[in-house]
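Presented sequentially are two complexes of chain A, the first with chain B as partner and the second with chain C.
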Partner chain A sequence: MIEQLPVLLVVLPIVGGSIPLVASLVSDRAGWPVATLTLVGQAGLAGLLAWTVSASGTVSYAVGGFAAPYGIELVVDGLSGAVALLVAVVSLGVLAYARQAGPHSNAFYGLYLLLVAGLTGMTVTGDVFNLYVFLEITGLAAYGLVASGRDASAAVAALKYLIIGTVGASLYLLGVGYLLAATGTLNMADLASKLGEMAAYDSTLVLTAFGLMIGGLTVKVALFPLHTWQPDAYANAPDTVSAFISALVSTVSAYALARLLFSVFTVEFLAAVPVARWALVGLACVSIIAGSALAVSQDSVQRMLAYSSVSQFGLVIAGFAIATPLAVVGATVHLLGHAVMKGGLFAATGVIERKTGATTVNGYAGMGSRVPLSAFSFAVLSLAMVGVPPAVGFVGKWYIVLGAVNAENWPVVAVLLASTLLTLAYFARLVERLYFAEATIHSEETPAEAPVTDGSGQAVSFGMIAVVVVAAALAVALTAAVPAFEQVLRDTLLPILNQ
Partner chain B sequence: MSSDERTGLYVESTIIMTTVRVVSPFVLTFALFVMFHGANSPGGGFQGGVIAGSVVMMLAFAYGIDAARDWLDVRVVAALASGGVLTFAAIGLGTMLLGGNFLEYHLYEQFISHVVAYAIELVELAIGGIVASVAIGLFFLLAAGFGHAVDSPEDES
Partner chain C sequence: MSMLTTVPPVVILLALAIVVSRLPRRAGHAIGALVPALAVPWAVMVPEGAHLRTQFLGFDAVLLNVDPFSRLMGIIFGLIAAVAVLYSYASEADTTQTAFALSYVATSFGAVFAGDWLTLIFFWELMAVTSTLLVWHYGGKAVRAGFRYALLHGLGGTLLMAAILRHYVEVETFLFASVPGGPETAGISSGLAAALAAIGIGVNVGFIGLHAWLPDTYPRPHIAASVFLCVFTTKTGVYGMYRAFPNGHEAIAYMGGAMAIFGALFALFQNDMRRLLSYHIQSQVGYMVAGVGIGSSLAQAGAFAHVFNHILYKGLLFMTAGVVIYRTGTESLKKLGGLWREMPITAGAFSVAALSIAGFPGFNGFVSKGIIISGSHYTFGKGPLPLGEFYTLEWMLLLGGVGTFMSFIKFGYYAFFHGEYDGSVPDANRLQSVAMVSVAALCIIYGVYDTALFTILPFDVTSGAVVDHVYETYTIPHLIEGVVLAVLGLIGFAVTKKPLSKLGRVPDIDKLYNPAVFYGSRGLVVGVTELYAAVDRTVVQATTVVTRTVTSPNDVIARLRDDDSLVHPMRAGIGLSILILAVFVTVALLALS
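Entry: the complex of A and B
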């Protein structure tokens, strides 16, 4: 049973995702219970798998009994086990939010489970072509979810996302083709041993493959010049979808980028080709600065949060590109912590909008007393994102900075420290509005005037607020889990990083 | 777009109706041929499914989209899509019950000889069903137009 877990994690949400379609012949509201049952099972399996991996090391699985490198291999180590668990838990948590916030259609929950399947598949696969397949499943499901908003702007945002996302995935596929031409294999572990041996690290072929694959994934991660799909998609999708995809889609893409960096191209490649490392670090630094600057200049809170993601993912990718164990642990902690914090922040904006109609930075003025619990959670999550101890955002950033200092990479250290100040600039402005400014929206004029973004009602349920509060609590509590998690990560990462 | 305008696009033509009636069985047979050849030659469920889906589109062109929509049972389309996924999953999970890995076909050999080929054909048929039903569904959704979705916001899914 234990050894079958990796494939069950992918099959379960696919099977669950096909049921709402048939169930719509019986009931229009069957999607939510089916999705909840499936994801409770998924979270259980992912927890069991993560526990197995942390206790007894890497689990690998040959699909169809075809041995790697010819067959498709699924590999779960400490890093991918943690991401798979994050995907299962966050998607289950967002369901509690979706119960009231909608959309309620069965088709929506079919897509929702399909996205979970795609994300889990990207996490557990050990094969670069298989990764492409799951990247496409993830992409298509995410486009569909963004388009499930009622406004025409949601459809436009989804179309933009579709075009840019498909270009990104195609670049990645092209890079896979070059790697196959260079080595004749698609298995990640096999590629790692053959690259450098069959094709020199600094050969044009390998460099092109690196550029295309990493470039394709940075589109999905939404680093600065390639982020243009992301603010529209996050801001125009229904609140449930914003919380879900802002927490997971870019996160898993960044995980895939790290997996390629360490398990396919390996740190020897980064050492042999300094220009590749500098290009990636440079891109990450530009993304940190530009994302923060754009976030400061936004009026809409959701767009501000979206640009904040551009900046935070720059931080994560910078940590991965520095590639010392400390920096990679920091980047992973920040990657997982960011997922919880950003998902919680988007969920909080949904609650605040429904209760008060406030969507802009100015609209948030004085809302601290109108929606105390959500506003307080929002403030906690904001400060956690800035990196105020003891929140998990602090631990991640601290490790990344320490890693950069140890690597004596001073320009990056400067950018990382500046980024914390910039993050403070846009979040402090919001928190100040929430608690210390005169209200611009008054209670008597709001409920009827509040814009309906997805036509699914304005009521706020207990589940929606619970999701926001739990996310805020986790943003602080996860810090306590970091030492244990760090140990598991080090066991996984040290062999990969050759240290 | 109102339904009057939409039906206005349809022109009843004896030539088209007769041709479609004659050609349809052959197209459907060709679709099955392509699906069954997926295992060891060019073809497969994806291509075959699209060809099978095109039969319904031909019927819609010949007899009108609304007539085709009424004629087609939505339960069949939903069952094809979900049933395809569930068939694929069942074949894969079945081998796990027999003690092997996911989709380890040859474990069925103890029940039926040459089962590897049959199992792959069944998976191709399942994929064909999914693709055909999705192609048909997309066609009718596009034909309905965006106006349909705006006119009845309460009509979800």
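Entry: the complex of A and C
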């Protein structure tokens, strides 16, 4: 049973995702219960798997009985186990939000589960081509979800996302082809041992493969300047989808980038080709600064949050590129913490918009007293994102900074410290608006005050607020789990990082 | 572990802040004043040593570290917080504001009882946050000032954080040296770390050039909020300065001397009462910084004695100024006068506080200022510019004293004694009077019975075994010095009264910050080449955008929204995005191979 867990994690949401389409023959509201049942099972399986991995080490499974390196291998270690659990738990949590916020169609929940399957597949796979397949599944499901918004702008945003995302994925596939040509294998572990032996690290073939694969994934992670699809997609999608994809899609892509970096190209590659590390660190630093600067200049809160992601993923990638155990632990903690915080923030913007009609920084003025619970959660999540202790955002940044200090990478330390100030600049502005400014929108103008009877999705349910509050509580409470998680991660990472 | 060391005070006080915000006004303020008052006997009795050792993010941390320095800070912080809450209640502050103030008090306790740098910086940053909230709470002009305050303190905190990280790399622990397991030498290790720490802490204590936030922020919030603000941030800064530089540093000592003169001079130019008092914080903190910088046990004992006394009389001054504003509604000395007939209690309390801050014999400022000046003479070098038998630092501090006399004679003259007040205003209300008179009594008690002060100092200044030069408060030369300074102050005020009254608002360094950055660099660069001019324009524009976004986000947002409906010059379309992607990958591949 334990060995089959990785493949079950992928199969379960795919099977669950096809049921709502069939169920449309009977009822057009079957999607939500089916998705909930499936994801409860998914969360249980992912929890079991994560527990198994933390107790007894890596679990691997050969798909169809074809042994690696020829067959497709699924591998779950401490890092991927944690990400798989995150995917399952967050997608289950967002369902509580979707119950009221919609969209309610069965097709929506089919796509939703397909996206979970794609994300989980990217997480557990141990094969670079298989990773491409799941990358495309993730992408297609995400394009569909973004387009499920009722506005025309959602369709345009989805088209933009589709074209740019597909080009990115194709670049990645091109890189996989180069790697296959260089080594004759697609299995990650096998590639790691053959690279450097069969093809020198600094040969053009390997370098091109590296550039194309990392470049392709960078599009999905949405680092500056390849982030252009992301603010449109996040801001125009329905609130449920914004919360879901902002929490998970870029997160899992960043995980995949780390997996490629450490399990395929390995730290020896980074040591042998310093320019590769510097390029990545430089890109991350530019992303941190540019993302923050763009976030400060935004008017719409959702777009601001989207640009904030560009900056925060710069932090994560910087942590990975420094590649000392401390920095990688920090980057992973920040990756997971960011998922919870950003998902929660988007969910909170949805609640605030439904209750008060406020969508802009100016509109948020004085909303602290109108929607006290959501506004308070929003403020807590914002401060957590800035990195105010004891929130989890602080722990992640702290480890990344310490890692950079230990690696004596002073320019990065300076950028990281500056990023805290920049993050403060745009979040402090919002918190100040919420609590210390005169309201610009008054209750009589608010759409949500009108009684909603047709279930058009303008009302706010207990589940929606619960999601926001739980995210805020988790943003603080997760700090307590960091020491235990750090131990598991170190067991996984130390062999990978050759320390 | 005794009862007294089970919980760090910050936890209790933070809980108190939350409780106060939920209670009715009267009950909230009653309990809000009682608990900080209880912190005083707690601070006196709590046993010395490092308690509550724990692990924080995998590093050793000490949440409660008691030594004579933190004990003194605890006593005076608890005392003034209790009085200030009482004053808040009397001055119609709401419970939310008092709750913010108490959270600020709580984090200050956390900072001064920290036993390692990590805990210290943690509470240091939280102090910046809580005090900003306290300023913001008043709304109006306080909001923008609060932003500038928060940004500058964020910057200072980040510099201190960098210094601490650098220190950690060298000694591999965050603990203070006095804590078991700490490094061998106390203080921040020298070199880059020390420089960063000096500047980072320098923001909090108001080094010249980094002080603009003081007169900018403190005059603007609620009158009771000013009483809290004038106490905690700068004094915790002095405490942090001692922790970072326990053996002093010459440059810091002279910076302290310069602050004493600069602050007193600029105070003399002010007409806004609370702005005048804010400059005097810088001046008085200059004495403390000088004491820490000198580094001898005599001077450091003097610095901490001055912290103790200064909190008393500066709190009292802000209370009296607050009462005047509360009753008359005006902040400007030019519009006041003759108030001593109307409000004799306030005028009396002000006189005590003014004589204390100026260091007149018989008042507490005379005692502690005397210790520092004595330290600058007997335990510090002659310096580059000795005048006769006065050493450089010594005459700087004495000159600051003359300036202090002059500006308080000005304050008292224009507010209370000059001319007649049109109309009639009542004196301070009963509870305000209780708060002011009790603090005024303490100012006199500690001035007359100086032994009461000496017993709580970290070094016994009356024992030749502890200090290099035994200090005695009431000697004939010292008394003469005190009186001469007062006479010089009187003469100085009489001479400068006319020109000063014609003086408009004198610009300070904050008027120079932006123009200097903008036009200075611009003029220089345009002069060099046209290319540089183009670069510079971009820089200036970017700076303008950033400055405007940060200082007045509303305007920028409003402007952006106008643009927003038409075109989005910043947003890349699909085609441009693909082009960027292609160029990006090409550049990456070229760079790699």
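Keep this in mind: the second predicted complex is superposed on the first by the 490 of 499 C-alpha atoms of A that agree within 3 Å, B and C clash if a C-alpha of one lies under 4 Å from a C-alpha of the other, contacts with A are read in each partner's own complex, and residues count from 1 in each chain.
FYI, contacts are C-beta pairs under 8 Å (C-beta built on N, C-alpha and C of every residue); 3 or more make two chains touch, one makes a residue touch a chain.
Quick caveat: nothing in here was measured; it's all calculated off a predicted structure.
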{"item": "First, second, both or neither for A:Leu424, with chain B first and chain C second", "value": "second"}
{"item": "Touched partner set for A:Leu25, first chain B, second chain C, both or neither", "value": "first"}
{"item": "Winner by number of chain A residues touched, once chain B and chain C are compared", "value": "C"}
{"item": "Partner chain(s) touched by A:Thr360 [first = chain B, second = chain C, both, neither]", "value": "second"}
{"item": "First, second, both or neither for A:Ile14, with chain B first and chain C second", "value": "first"}
{"item": "Partner chain(s) touched by A:Ser105 [first = chain B, second = chain C, both, neither]", "value": "first"}
{"item": "Contact set on chain A toward chain B in their complex", "value": "4, 7, 11, 14-15, 17-19, 21-22, 24-25, 28, 61-65, 103-107, 150, 455"}
{"item": "Chain B to chain A touching residues, read off their complex", "value": "74-75, 78-79, 81-83, 85-86, 89, 92-93, 96, 100-106, 153, 156-157"}
{"item": "Chain A to chain C touching residues, read off their complex", "value": "159-160, 163-164, 167-168, 171, 204, 207-208, 210-212, 214-215, 219, 225-226, 228-229, 231-232, 273, 275-276, 279, 293-294, 296-299, 360-362, 388-389, 395, 398-399, 401-402, 405-406, 413, 417-418, 420-421, 424-425, 428-429, 432, 435-437, 483, 486"}
{"item": "Residue ranges of chain C touching chain A (in the complex, touch as defined)", "value": "57-58, 122, 125-126, 129, 136-137, 139, 143, 147, 150-151, 154-155, 158, 161-162, 165, 168-169, 545-546, 549-550, 553-554, 556-558, 560-561, 564, 570-574, 576-578, 580-581, 584-585, 588-589, 591-593"}
